[in-house]
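There are structures below to look over.
What follows is a pair of complexes built around subunit A, which joins subunit B in one and subunit C in the other.
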Partner chain A sequence: MRSAIFFLTGVAMMLLGGWVGLPKVLYKQQAQPLDFSHKAHVVKAEMDCTGCHDFREDGSFAGVPKLDNCAGCHAEPVGTTANEKKLVEAHVTPEKEIGWLVYSKQPINTRFSHAIHVKKAELKCERCHGEHGKTETLRPYEYNVVSGYSRDIWGRSVSRLRRASHEGMKMDDCMDCHKEKGAVAGCLGCHR
Partner chain B sequence: MAAGANEMKKTNRKYRYGMVIDLDACTGCGACMVACAAENNLAPAPAKVTDRTSITLMRVFQVKEPAPMPARKTAFVPMMCMQCDDPPCEHVCPQQAVELDPRTGIVDQMVQRCFGCRYCMAACPFHARYFNWFDPEWPAGMEQTLNPAVAPRMRGVVEKCDLCHGRFHEAQDRAAMEGSDNITYQPACAEACPAQAIRIGDLNNPDDPIQVQIGKPETFQFLVKLGTKPKMYYQSKHDWVKRLAERDSANGNSNRRDA
Partner chain C sequence: MLKRRDILMLGGGSIVALPLTPIPYKLLDDTAIWTQNWPWIPVPKAGAASVKNSVCTLCRAGCAIAVRMVDDRPIGVMPRGEAPGGICALAFGSHQLPWHKARLRTCLLDGKPADCAGVAAAVANAAAGGKTVAVLDERPGRAMSGLYRRFASAMEKGIYATPVIQETATLEAAGQLCGGKSKLRYDWSKAATVLSVGAPLLDGWPGAAELIARRAKGEVKLIHAGSNYSRQAQLSERFIPLAPGSECAFALGLAGALMAQGAPKADGLREFESIVSRFPLERASAMTALKPETFKELAQILAGNSPAVVVGGGDFASGPFEAETEELLAALNVLLGSVGREGGIIARPEWPGEAESKRWNEIPDGSVDVLIADRAAAGFALPWNVIERKLAKGAFVAAISTWNEGLATRAQAVVAAPAPMEDWTESAQADQAGWAVAPAVLKRQEGAVTPDEFLTALAAAMSLQLGDGFGIEDEMKSLAAKIHASKKGEASGQKVSAMATADDLWKAISEGAAWSDQAAPAQSLKPRLPGAKPEEMERLLAVANSHPPKSKPEGFPLALLATGWVAAGAGAKPPLARKVEDESLLRRPAGRAAMNPSTAQGLGLKNGDAVKVETRRGEQQMTLTLDDAVLPNAIESEVVGGGAMELFEAGPDGTWRQAWARVRRA
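Up next is the complex of A and B:
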């Protein structure tokens, strides 16, 4: 009996250590090159997501905007924040691109068409990106040290048991929604 | 409600892409092979590569009329995946890495799922499948030329022509942007052909100009007798070229090497 208690305590401790410790070992953090407030742009400046994250004419998605997009408004500082000063002095004036780290970056064999999901299926940005458009600061980018993929692909929750509907960008997460909507894409619909 | 149902029907439009290749127009220049390799991120072949271990998703064969020399004619036959409607490669794949896409009629090869048993290569009567014997390696700087719409394949998997799926994706994006349901595009080979011998079209669409070509008497297909229902059509006004289509090894398979 006593040995069983010792054994089970050991198992419980190992499991707990794994659940708590593994994410710390598995994921590494990297700070964004510049902080950015989505809230200031969306709420205060009353911009739309597509104001910066826009489609090109051919239907491809521009994704994270290039420096030109920022420079359109921020050629000179329009506010007083230190971040904006940094943007103008370190990036806009010397014309040096900001190396944003993209939370939702997928592996190269994945093809995701924003045009089909947003224009044709009329999904909202929030369906996959959550409330990212309302955040005040950029959280640190985290990546899996084994695969090199962003943590957002698996989702914040390591067990994936209790997660918000937008959390996780694995193939399973795509498939769940596709099954729900009866949208058949085939293998090469989403792979290349 | 009716509009919604109509909308649903519209988005489920099914394509059956096929090609017609005019062998009388083909000069054998090989531009299609080069364009194909560039489009699909084929790594330069290592020095040790042989005819058997190289990868050419599109290959132009030279065929010669079995006649004495002064009268002997030559033709060139571009061969690639025939996108069969009943693909033997799909049936034999133990990994379900091959799939006939019901929306496009394209035979998809899922290289991510392939474990390299090569059953599909044995099953394909057109020798349209190729195995990656080596790691893909690009000389320094050449990775700048890679096509971002196509993922490179790793060593140990089988690949084949997927009718330039990267271009299909781009056409899909374009159509979604325009709110249209008409996905038309040109594969790299068809675009590169200086003789415009390669034409692509939707076989499901009765108004597609390709239907006129298919209806012509000089149009034929290779190895129809095997019942794989290929979607690649060939054209030639010369009987000896058309006869190649049903030739088997017992009746002279010597047209590649007899000089």
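Up next is the complex of A and C:
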């Protein structure tokens, strides 16, 4: 009986460590340089995603907005929030880019065309980015201390079971969607 | 009190539960990624992504490509819609070539670094005193070719020379049968049957994409005759294996079989019949190792699936055929009624880039005092002894080359030319009126000298007058102006006649549009079969009877055949192409020899053996691969990289179809 108790305790400790402890040890958090409310911009200012995350004239995706995008409206504060004040004083006025930490930053050996996925395949932004466009604050950026990748690449769920369709940006996730849509890209379609 | 057993049970429980946690799987995944991201692995700088339209100029096919750029660096190459057959592994890796290890970093004089002026002074010194100076251009038809021609004609004894261009060899022979003035091309769009004799049509020739597409739809039947089971042979519906060097006998035998089926209507038939009658089918059968029935069957297929066209030209590694073989292959087209017929060989328009040149093999042996050779990758191999034969004793050789290989290693002076993508390069299709330009997308390496800059410096050192506008950009604009004035053809779908000015055409071409003129001029072709003169007849029979060469030297029992792809003459192979091809063995890597297992067994050799392949010109160490597709008593040697090419001896006519060899374990 005593042995069984120790055995089961070992099992329980390992399960607890693996499922609860591992994510805490494996991922470190880093705060964004500035908080940002997508909701305020999308709902109050009635902007859409491409208002800031725009496509260039040649059709390519401009990515995370540069300071110029912000400065277009916020050369002077238009509201009263501390964040906006910080934006203007610490970035817009001294023309210092904001070092956003990109949740969905892809590995260096990968290339991804927003233009093809958004314009040609007509995917909604939410398909990969979930409800990020409706958040009021920016969650901390989390990165994997071993691989250095953003946690969003693996997905929030450490088991990758029962996750939402937008969770995870591993190759398997891309392949699942490609298979579903019957889209063929080949190795060099996504890999450098 | 905690006992040892308790700790063991605790540990045991943990170990049992470990596979039920994400720890092993997650850590394996993360560690794998970590090993791909070592801090010392160079990470390319991020920057603004863009795409520039261009063409691949590594061979004459001139495939339409899009170069992916980050800031001002090319980072990848993709095919464009105008290249329906896609692009090859060479083109895919072409952006890697400027950093290739074989790249020349500076001009060389006697193997030591020199500047452009120093090289020009040395060449001028060697040419002083009215010496014969030959300029060898392996890619005729370019604007740069125009500059070479201008330079050669500015000298008292200047020769502008070109090697045999394989894609046009049969066409030129057919042109001769039509009186010598016609410019001809193959009509791939309507051909029903194509018999390629040694020619790698689907494996690097211009026009391959159209044939591949038609073959996929079942619109064209492809038959290949040759001495090795090449990629073309694999892609054809039927492969006819020929004894090495017996192409001429094959052509004459097939002519006999065609004529036996019924007398075709052709001028000169009676004289040609007398040649054929002196070369009976049994003789052709013995020389080619084909059954007489094969000739008859082939003749039936060709005659029954018209329009049929017979294509020669040789291949990238084993070089061109003798002129007589080409003449007989052209005669087969006449017998088939394919010359001047849609789907066969038709007239093509001339274009302003064409210029008269002297064929290298027509230059008298030992007559060239100074050779200036442009090593712009032509796609096919050109062995040193083909060049050496024409050089006078103590001749001075200057090579304009991007790579320190081949002729550059033989030359006293080497001009380090820019790599592809660093300067304007051109693609001029030899077998039709076509021209495309690849713009520079990368800053030129310091020390690189463009061919026109070198010629200008050399002209100054030799006190030659080259006239105004002697520069590649001016010459290309001038060529575009001439095309625009002709109002012919179209540039990537836009008709030249609809373009307002020559500048509009130049702008389109300089941004990656390919110009071509496909219109067949209204010209009646009246071919005549060869053999009208007795000496002509004897010449054709002599070549047919002399192959395979009877002079097999004692102790050299194997027929050595050069094999290789368009890269045989490309100078350097991008790492991407090498990795894909070498690791997959889709193409034999450099340093490989292949032999039929039965031949190897007789010599006591096995797969993977290091062997020495020896001919009368020397020996090379290679790794042996056993391959059922290699003909018995033959050995195929991959000539990529040039080493094995040294084993071949070119004849007076500039051909090196085979050599006699022996093989022993190294």
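A few remarks follow.
Following the convention adopted for this analysis, the second predicted complex is superposed on the first by the 188 of 192 C-alpha atoms of A that agree within 3 Å, B and C clash if a C-alpha of one lies under 4 Å from a C-alpha of the other, contacts with A are read in each partner's own complex, and residues count from 1 in each chain.
One rule holds in what follows: a contact is a pair of C-beta atoms (placed from the backbone, for glycine too) under 8 Å apart; a residue touches a chain by one contact, two chains touch by 3 or more.
Bear in mind the structure is a predicted one, so any value in this text is a computation, not a measurement.
Three-chain overlay on subunit A, with subunit B and subunit C in a clash.
Residue contacts after overlaying the shared chain place A:Ile108 against subunit B and subunit C alike. When subunit B and subunit C are set side by side, the one touching more residues of subunit A is C.
Of the two partner chains placed by superposition, A:Ala82 touches none, neither subunit B nor subunit C.
Contacts of A:Asp58 after superposition: both subunit B and subunit C are touched.
In the superposed model, A:Met1 lies in contact with neither subunit B nor subunit C.
Of the two partner chains placed by the overlay, neither subunit B nor subunit C lies in contact with A:Val25. Residue contacts after overlaying the shared chain place A:Cys187 against subunit B, while subunit C stays out of touching range. In the overlay built on the shared chain, the residue A:Lys119 is in contact with subunit B alone; subunit C does not reach it.
Stretch 163-171 of subunit C is the one among 163-171, 487-495 or 505-513 that clashes with subunit B after the shared chain A is superposed.
Note: residues 58, 60, 108-109, 188, 192 of subunit A belong to the subunit B contact set and to the subunit C contact set alike, using the contact criterion stated above. Against subunit A, the residues of subunit C that register as touching in their complex are 5-7, 9-18, 20-23, 26-27, 29-31, 33-34, 36-37, 43-44, 49-51, 75-76, 92. Those residues of subunit A lying in contact with subunit C across their complex are 2-4, 6-15, 17-19, 22, 26, 58, 60, 107-109, 144, 146-149, 154, 158-159, 188, 192. By the touch rule above, subunit B contacts subunit A in their complex via residues 11, 99, 101-104, 106, 108, 110-113, 149-152, 162, 165-166, 169-170, 172-179.
Of all the residues in subunit A, the ones that touch subunit B in their complex are 55, 57-60, 108-109, 111, 113, 115-116, 119-120, 184, 186-189, 191-192.
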